[in-house]
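Structures given as structure tokens follow.
Shared between the two complexes below is chain A, which has chain B as its partner in the first and chain C in the second.
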Partner chain A sequence: MQQSKALAFALVAPALLFLGATLGWPLVQAIQLSLQDVRVIGSPGSFVGLDNYARILSGPAFWNATGLSIVWVVANAIVQTILALVAAIILNEKFPGVRIARSWIILTWIVPTVVVVVIWRWLFSTSGGMINPLLIQMGILERPVGFFATPWTAMATLVFINSWRWFPFIALMMLAGLTRIPDDLYEAARLDGANAWMRFCRITWPLLAPTLGVLAVIGTLLSFNVFDIIWLLTSGGPAGGSRTLPVLIYETAFKGYRLSEAATISVMTTIFLMAFAVIATRALDRTDR
Partner chain B sequence: MRRSLSLNALLGASLAFFTALIGLPFWWVVSGSIKLPQEIISRLPTMFPQSFTPQHYQKLFQASDYPVYLINSLIVATSTTLVTLVLAIPAAYAFFRLTFPARGVLYRSILLAYAFPSIVVLIPLFGLFAKVGLVDRLPSLIIVNVAFALPFSIWMLRSFLAGVPKEIEEAAVIDGASTLKILRRIMIPLIAPGIAAVGIYAFVTAWTEYVFASVLILSDAKRTLPVGFSGIIGQYQIDWGLLLAGATVAIVPVVALFALIGRGFVSGLTEGAVK
Partner chain C sequence: MRTILKIALGAATMLTPAAALAQETVRLTLWHMEQPPHRVERIQELIDAFNAANPDIVVSQEPQNWGEVYAKAPAALAAGQGPDLLFAIPDFTPILKDIGALTSVADFVEELDGKHDFIDTAVEAYSYDGGVWAVPLYNMAMNLWYRKSVLEEAGVEVPQTWEEWRAAAEALSRDGVSGMGLPANKQLYTDQTVYSVMVNGGATEIYNEDGTLRFDNPETVAAYEFYTNLHQFSPADSASWTWGEAEACFSAQSCAMVMQFSVISTYDTQAEGDAEDLGVAAIPSKDGEDHNTISYANAVMLLSSDEARMEASKKFVSFLLEPENYGRFLNMEPGLFMPVTADGAQAESFWSDPMVEKYREQIETVIENSQNGRLFGFTSGLTFPSIAAISAQNIIAETLQSIVVNGQPAAEAVAAGQARMEEVAR
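Our next item is the complex of A and B:
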């Protein structure tokens, strides 16, 4: 038994040490950095206590970014859940080609973000992009629109693009939940005369709810951390209209050269996210029982 | 289960919608990459190319640094995949089968790392890498990408291990096989689809990573595809043909990998998430 314990540690240790060195230790250092006044990487700083925290909490930048991050997460959650749920329900049906559809739906997620960015920048552009002519033809628009020109449309367009990238991933996780619902339930409901909508409300939705709960937590964390799509498409603009917390952290550190402030924001963000993850998982555990 | 006619119509319509939503953007990009510049930016976009030219690809491979980025990305992604597997397989097996102190706590903290806002460690990691001379070198990216791919990989592999019938392992124990031998000779071959799935996950993670590659790499010759390519976006005053060709080439490796060993990926992704 003693030997097997040693073996277990030998198997786990490399991965744990690796994660400790690359994620754990830097996190400790980020906390240290947030208590100093370092501006450029490598330059020395002196201990300033909680000054950075006080300054950031009293300024508008952090709160604006927090607000935008909440809008970002909620909007993404709504769009992705709707798209993913419909996609998952379709993929749970039997039709010719369903196996191919089940694996290749993930295409939007396996290509690099920068490709996603190029695709949509082109499609949304006013020179040769397909979206403007399409919307004009459908009578929705009268003349071409610069989708990234105003804060509100930029945010909406970013949410759409990010959802496009992520909804298949969420859909496949939902599909796993759907396949676990026994067919007999639907058959019985049909015999009792329940129509498709009633079957969805009475069987699919309640039985899928736990899966949706888990996905809500995972999805929130995943979309919260999205940086590259926003940065590459709008750089947080226009007029700061898409400057979410990750963008603010990156800007503060690498454009504004205020490392300690960036570390402070990132430490607060981490505490906030971890608290959310712990509380949300607890809540899910409780409803499970 | 049989469906009514109206439900079938609804299913067909939704299926068409999603096929268009996912497929059309890719079709436009890939087909656009062989169109002449004037067709690409024409006021009335064409569904099928009316012109053909290899000029964007020629420019991409001869006049830009794109081939360098492509090779760097292939090196980083392949190494990330290998290192992730070497670390994840033993760890997943130990978490799944062996008992040791603090197992639960350690496993949960690994899952927490999956939810970790990666940008938090960017600043301290840069300092750390600067100290050991890893800044502006590809190994720094490999290390970072493994760190991001590892938590989810362990999670996913564990669920694949759980799918192996217990009797197989028990029979091996009775035959006197050691734990390591069971892992090497029995479990690894049995969860090969899971290993392929994790491999794809790690490869994709590294292939798409942008933030760290943009900060940790300073010289153009070491850039990976996402960063180098995004540089091309700004560098030439929006040459769409070049960008579409570059996007097409960047899609190819992951799609090829996925076509070859992607079958277990979808089930691995989904099983790991819900269990």
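Our next item is the complex of A and C:
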């Protein structure tokens, strides 16, 4: 028994060491930095205790960014889940070309972020972009609008673009869950007279729930940490309307030259996300049991 | 004989490392933020020419971007992996000076000034705390660009005053065309356009002489009110514009007028390219007198602590400023980069470029406008390091967004802007 424990530890040790070196050590350094008053990278700092934490927690910037991060995560979760579920159900059907469709759907996910940004920035532009003329022709708009011109339209547009990018990945994960549901169940339900909606509510949804639970945890963590699309499209604007926590951390460190304050926000964000991951994982475990 | 041979061999053995050392190649790394491929290509041509003429020095370039370099350069220097030469704008130098990465190049600049005669304002922006912290390389000045035919057709004169400017923008806004393309993004371009309006309304100074801030004053409020008023004639998405979108709007004829350093390149390659029809003027001023603008003298910082590398770096900068090379350097983007030296302004290598020849009239106007250039935080002959953080956080643009996007009254937004400046300056 002891031998097998030692073997298990030996097998896990390299992974633990790797994680310790790549995650643990930077985190320790971030905590150390958060207790100092370093401004620019490379400049010296002195110990200030918890001053940075007190300042960040008493100012509005952190709370505004936290609120926007929550809006961002929830909005992405809703939009991506709906899009992915519809796509997964369609791709789970048998129709000519379904294999090609399953391959092609991941295209948006594999396109580099910078390309995604360039494409959508151009499409939404009022000078030569396609979206405004299209919406005007369809009678939805009377005149061109700036999709990134107000805080709420900017946030909504960012959520749409990010969801467009990520829903195929989630759809494929859902599809994997759907393929595990035995056809016999649907067959039996049909014989019992259940219509499509009833089959979805009574069979698909409950049996897909464990997969959705795992996706919710992974999706929340992934969405929360999205920085590239937001920074490249709006830089957190307009008027701070899309300044989520990752954007605030970057701005504080590299635009405001307050490295220690940025480290403080990073540490608090990490603690928050770790707490979320632990609670969510335990909840999922309990559901499984 | 044998003894002589031994001595000779010994001496030769001892001299070999010294000889090898003398022949050792000095390798320099240049970081610049001129990323478009044609600019990188032109810089490489000049580097190749320099390397060929100086076999003991090898310069190589590593293009960076403005968005990252403020964070990347201090980190690279702290790790001992920084460049030997790094392009800069004035507010960048206090950051590197503060972390002890810069040494004054006052003597070198004086030597170059004696030879080429720098424009005084170009050197002033880098002169503070008893030193000169970078060598000016090229100038950029904001201008008002328009199509002569479009103004003629609308019966509009080139605006001289703010009142005329607003009237022109209104008259030119028709048939899906925006009269005036103005950014309202929280970004450097908006800092530049807003400040260009501020300097034409008597709000040039951001600091008092004692280093306290004087951003919150009636002139600044009036400038913001005017800018906001003018912004209503701008495209709906201009709250997310950077330089490229403004140029695209002008090229596509969706904007009748834009404020920009230069539109020559895009106008020539992506629009009509009719030099006769392209108009450029000084930014209108409140009362029509004393037209000012924002003007940036870009420079190069010399970062080597090693003497040989520093000397090699100086040699390279001297090479760039030689009139036969300088014009080619400036014309990596014809019409955008203006000379900062008197002999550069006369250089055949500058004026003989086909694009410069074609748009000579416009370029002469831009050079003339740049003579009245100002730059926020560098106007009083004193430089305060906090301008780096104020500029990096785009607080001038942020203040505008509070008005344009959030609908805050200009006076309140400017007061809040000053509070933000004080906060980041602490």
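Convention: the second predicted complex is superposed on the first by the 270 of 289 C-alpha atoms of A that agree within 3 Å, B and C clash if a C-alpha of one lies under 4 Å from a C-alpha of the other, contacts with A are read in each partner's own complex, and residues count from 1 in each chain.
Rule of thumb we're sticking to: a residue touches a chain if its C-beta (ideal position, glycine included) is under 8 Å from a C-beta of that chain, and two chains touch if they have at least 3 such contacts.
Since the model is a prediction, treat every value here as computed from it, not as a measurement.
Of the two partner chains, chain B is the only one that A:177 touches; chain C does not reach it. Touch criterion met: A:127 reaches chain B and chain C at once. When the two structures are aligned on the shared chain, A:254 is found in touch with chain B and with chain C.
Of the two partner chains placed by superposition, only chain B is touched by A:87; chain C is not. Legend: residue contacts after superposition of the two complexes on their common chain; A:209 is shown touching neither chain B nor chain C.
In the overlay built on the shared chain, the residue A:283 is in contact with neither chain B nor chain C. Of the two partner chains placed by superposition, only chain B is touched by A:8; chain C is not.
In the superposition on chain A, A:113 makes contact with chain B only, while chain C stays out of contact range. Once the two complexes are overlaid on the shared chain, A:50 sits clear of chain B and of chain C alike.
For chain A, the partner touching the most residues, choosing from chain B and chain C, is B. When the two complexes are superposed on chain A, the residues of chain A that touch both chain B and chain C are 41-42, 127-128, 253-254. On the chain B side of its complex with chain A, the touching residues are 1, 3-4, 7, 11, 14-15, 18, 21-22, 24-26, 28-29, 32, 40-45, 86-88, 90-91, 93-95, 98-101, 106, 110, 112-113, 115-128, 130, 143-144, 146-147, 150-151, 154, 179-180, 200, 204, 207-208, 210-211, 215, 225-227, 229-230, 233, 238, 240, 243-244, 246-247, 250-251, 254-255, 258, 262-263, 265-266, 269-271, 273-274. Residues 68, 70-71, 74-75, 77-78, 95, 98-99, 101, 184-187, 235-240, 245, 248-249, 252, 254-255, 388-389, 392-394, 398, 401-402, 405-406, 424 of chain C are the ones touching chain A in the complex.
The part of chain A that touches chain C in the complex is made up of residues 40-43, 124-128, 143-151, 154, 233-239, 241, 251, 253-257.
Of all residues in chain A, those touching chain B in their complex are 4-5, 7-12, 14-16, 18-19, 22-23, 25-27, 29-30, 33, 41-42, 86-87, 90, 93-95, 101-103, 105-115, 117-123, 127-130, 133, 164, 168-169, 172-173, 175-177, 180, 183, 186-187, 190, 196, 211, 214-215, 218, 221, 224-225, 227-228, 231-232, 246, 249-250, 253-254, 259, 262-263, 266-267, 269-270, 273-274, 277.
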